[in-house]
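Note that chain A is present in both complexes that follow, paired respectively with chain B and with chain C.
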Partner chain A sequence: MKRTGLSLALLWGAAPLAGQGVVIAPHAVFMDARTRSGAVLLYNPNTEPVEVAISFFFGYPATDSAGIIVVRTVEHPDSTSPSAASWIQAFPRRLTVPPLERQTIRLLASPPPGLADGEYWARLVISAKGGQLPVTGVADTAKVRVGLTLEVRTIIGVFYRKGAVYTGISLSGLRTAVVGDSLAVWARLTQQGNAAYIGSAHAALVDSTGKTLAEMKAPIGVYYTMEPRYALPIGALAPGRYRLRLDLSTAREDLAPELVLPSPPVRDSVEVRVP
Partner chain B sequence: MSRPRLVAVLLLGLLVPRPGLSQGVGGSVGIDANVIGPVLTITTLSNLNFGSVPKGVATTVQPTAAGAGAWQIQGSKNANVTITFVLPALLTNIQALPGSTMPVSFGATSARWNRATNNVAGATAFDPSGGTTGKLGPPANPYIYLWIGGTVTPAATAKPGVYTGTIIVTIAYL
Partner chain C sequence: MRGLRYALLLSATAVVPLAGQRPLTVTGIQSLTFGTLIPGIPSVVSRTDAVKSGRFDVGGPHDTQGRLTFTLPSVLTGPAGATLPLTFSGSDAGFSQSQNIGSQIGFDPKQPFLMTFSGQGRGSVFLGATARPAPTQRAGSYTGTITLNLTAFP
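After this line comes the complex of A and B, so read on.
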């Protein structure tokens, strides 16, 4: 279809899209020095083909000044950065996934000789352009019509492990503040070892009897040092003294146990006073 | 069962290695063993559609309007993702001679996101140029819904035709 025809189709497709996108699995790829390979499976559940492009960059989750977790991108990582972005390749890098079919992207690592033991990181970018839509109207060339198409990019983590890899985490600076109907929680988390700390954070607010009044659980990935901010919905909490407990563990429900590097749980708590 | 969930279940079924079946070209043993766990899907539900606009008058589509662009993100329950955009500043008339363009802009509340439920009215507004961090829903609804609107400003002398551009949304799994 010509570009004009496609755009007209997009603009005059009055009905919402039936759904454009591609299913990606897994959401993190773990490779090792033995196989030096990995795979990502794409599935197109729609009735139109999806164009996909694959690329890599070096980046990792970090926190900004407000404690919001963001992906920090490093365009030119130096030689000390554990970047695998320049030596992991994807095959193919461009493809079209037909309707209701799946395609496998193979990842192949070609690490430099003499690579030290440890874990190396990259971010895999999967760009997907939606399918073509049928023309449902007739263009009136005297009018000005405007529409924007939407593309999606999905970024997932790629981990390459060589030799003995181990991880851990240190927890410090735990503090809280009541903000509206939430309890804001901050903590300083620092990764230990030569691999990222992939795990979960569990925060719970308990009263003097140990009863849990509010809690939250979230997956975390600590690559260097971060100071995330969490929020627990507490509603209208009665004045008094409470305790906030923060537990970090390498348990992850969304990853196979053999992929997660184990590390002893780390805990801390702090008193919370509600005036 | 909803369509995305059905797709996820079917895909997981496809990913289970079966004895006696080839595991892929080249017979790479161990690759498929890593392909497990929740899937990640970003589905474009609708494009951002301004329809016919009057010349010389700015036209805004709110993120709550029917013409807003919309996505559904499905992934691991309670996981955090960052949401960022690449936004166009000019739209191009694809039916006129080259150089026929129209400005498009996005404000501090042009985008919204909602955890778990497809309800734009209860969604959180944010500035698409700065992006935001979202959290997928709980096990029953591990979704994020995302909407975007914008404003186009056609000149009084704008040539008729179809003006179009592309918005790129990036979801980074943390």
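After this line comes the complex of A and C, so read on.
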């Protein structure tokens, strides 16, 4: 079977790769003013070396006019922005990770003197590029042949915390609309305190008896104000009155509990009428 | 071999500072392939073509989200600076939580796409395109780079 697959690939001139990219851990880096340092581990699970380049920029999740989560990039953040992009450095910034080996990237913060208490953000870009792909096709110089190289860039959040940091969230403008076989849900979320609100959103549609008919759970990160749009699959719901409940909490399965800033849960609900 | 890789992966992540967070990975698995082109005749590769479509595998904390964007070449560069147009339609990219090429959600590779990792923390991204050699296209090898960007949240 394997031999057949290989033969087919050769026949069609396909370009299967040994794999280009690295495993990155953790997927978010939290640093504090005590150590001013952090680390990111890269592991190359492939059989070819991977060239890696490291860089930073300032950006944060926000929503566009349709409620889709985007990353808002600020090329030249002003002095009031909580940007750490200009004063966190990575060592090394360029490296080659050999096959089946790991390398550690050290992060060092050099914040400006007099930095106020709070949380400061940057985005770390890890660009990984494998070996150059051979151009596939027959070896005839009279032909037009094409070869495309794949490159991957992984962007993770870096958080620098100084002094007393706290977070919270306010929830307003909860509204819904039936769109096809889904219930669209919008809410205005505004971060409180001096740190990003990292948590989870849980939306549930319940009937008059309290029975849950549809629900969804999604991680959220609120850095300023955002108005995300969620969709609950409801299928063919019988006409009537229902209630949509939205709960926000700082529970996150993907982050170690000591890294998550706790905040009391916030809830709201709204009536949903299905004609 | 797979067992060995998994063991190495586990040992790699075990030494990560701030243990408890899960690793993230984006891997180019298969390049978009056109093979030999005939001048004047466009060559279309569908994202559902298991042999010719480009494929990236992604991994991360289960049920979390990430934003995918592509950096795509509009032309490929060939001999003596010659170029060959490469176009991407509004549904030339696809995401599959189950990593099944037959079960994709199509999206425009020129627009950001918000993906959710599966319960197992996996997903695959597929890419198709159309190469448009001119009737007078200069013979030779043409190359370009396709970049997939994955932004992890928080």
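Convention: the second predicted complex is superposed on the first by the 252 of 275 C-alpha atoms of A that agree within 3 Å, B and C clash if a C-alpha of one lies under 4 Å from a C-alpha of the other, contacts with A are read in each partner's own complex, and residues count from 1 in each chain.
Convention: a residue touches a chain if its C-beta (ideal position, glycine included) is under 8 Å from a C-beta of that chain, and two chains touch if they have at least 3 such contacts.
Not measured: the values here are computed from a predicted model.
K.L.:
Sticking to the clash and touch definitions up top, decide whether chain B and chain C on chain A clash or fit.
P.N.:
Verdict on chain A: clash between chain B and chain C.
K.L.:
If you stack the two complexes on chain A, which partner ends up touching A:Y43: first (chain B), second (chain C), both, or neither?
P.N.:
A:Y43 sits against chain B and chain C alike.
K.L.:
Of the two partner chains, chain B (first) and chain C (second), which one does A:T154 touch, if any: first, second, both, or neither?
P.N.:
Once the two structures are laid over each other on A, A:T154 reaches both partners.
K.L.:
Which holds for A:V144: it touches chain B only (first), chain C only (second), both, or neither?
P.N.:
Both partners, chain B and chain C.
K.L.:
Under the stated touch criterion, which partner chain does A:I198 make contact with: chain B (first), chain C (second), both, or neither?
P.N.:
A:I198: touches chain C, not chain B.
K.L.:
Considering each complex separately, which residues of chain A are in contact with chain B in the first and with chain C in the second?
P.N.:
Common interface on chain A, chain B vs chain C: 8, 13, 16-17, 19-30, 38-39, 41, 43, 45, 61, 68-71, 102, 123, 128, 130, 140-157, 217-219, 221, 253-256, 259.
K.L.:
Taking the complex as given, what residues does chain B use to touch chain A?
P.N.:
Checking each residue of chain B against chain A gives 3, 7-8, 11-12, 14-15, 24, 28-32, 34-55, 59, 69-72, 75-80, 82, 88, 91, 94-95, 102, 104, 133, 135, 150, 152, 154, 158-174.
K.L.:
What residues of chain C sit close enough to touch chain A in their complex?
P.N.:
Residue positions touching the partner: 5, 8-9, 12-13, 15-39, 51-52, 54, 56, 59-65, 67, 76, 78, 84, 112, 114, 116, 131, 133, 137-154.
K.L.:
Along chain A, where are the residues that touch chain C in the complex?
P.N.:
Against chain C, the touching part of chain A is residues 8-9, 12-17, 19-30, 38-39, 41, 43, 45-46, 61, 68-71, 100, 102, 123, 128, 130, 133, 135-138, 140-157, 196, 198, 217-219, 221, 252-257, 259.
K.L.:
Can you tell me which positions in chain A touch chain B when the two form their complex?
P.N.:
3-4, 7-8, 10-11, 13, 16-17, 19-30, 35, 37-41, 43, 45, 61, 68-71, 102, 104, 106, 123, 125, 127-128, 130, 139-157, 217-221, 253-256, 259
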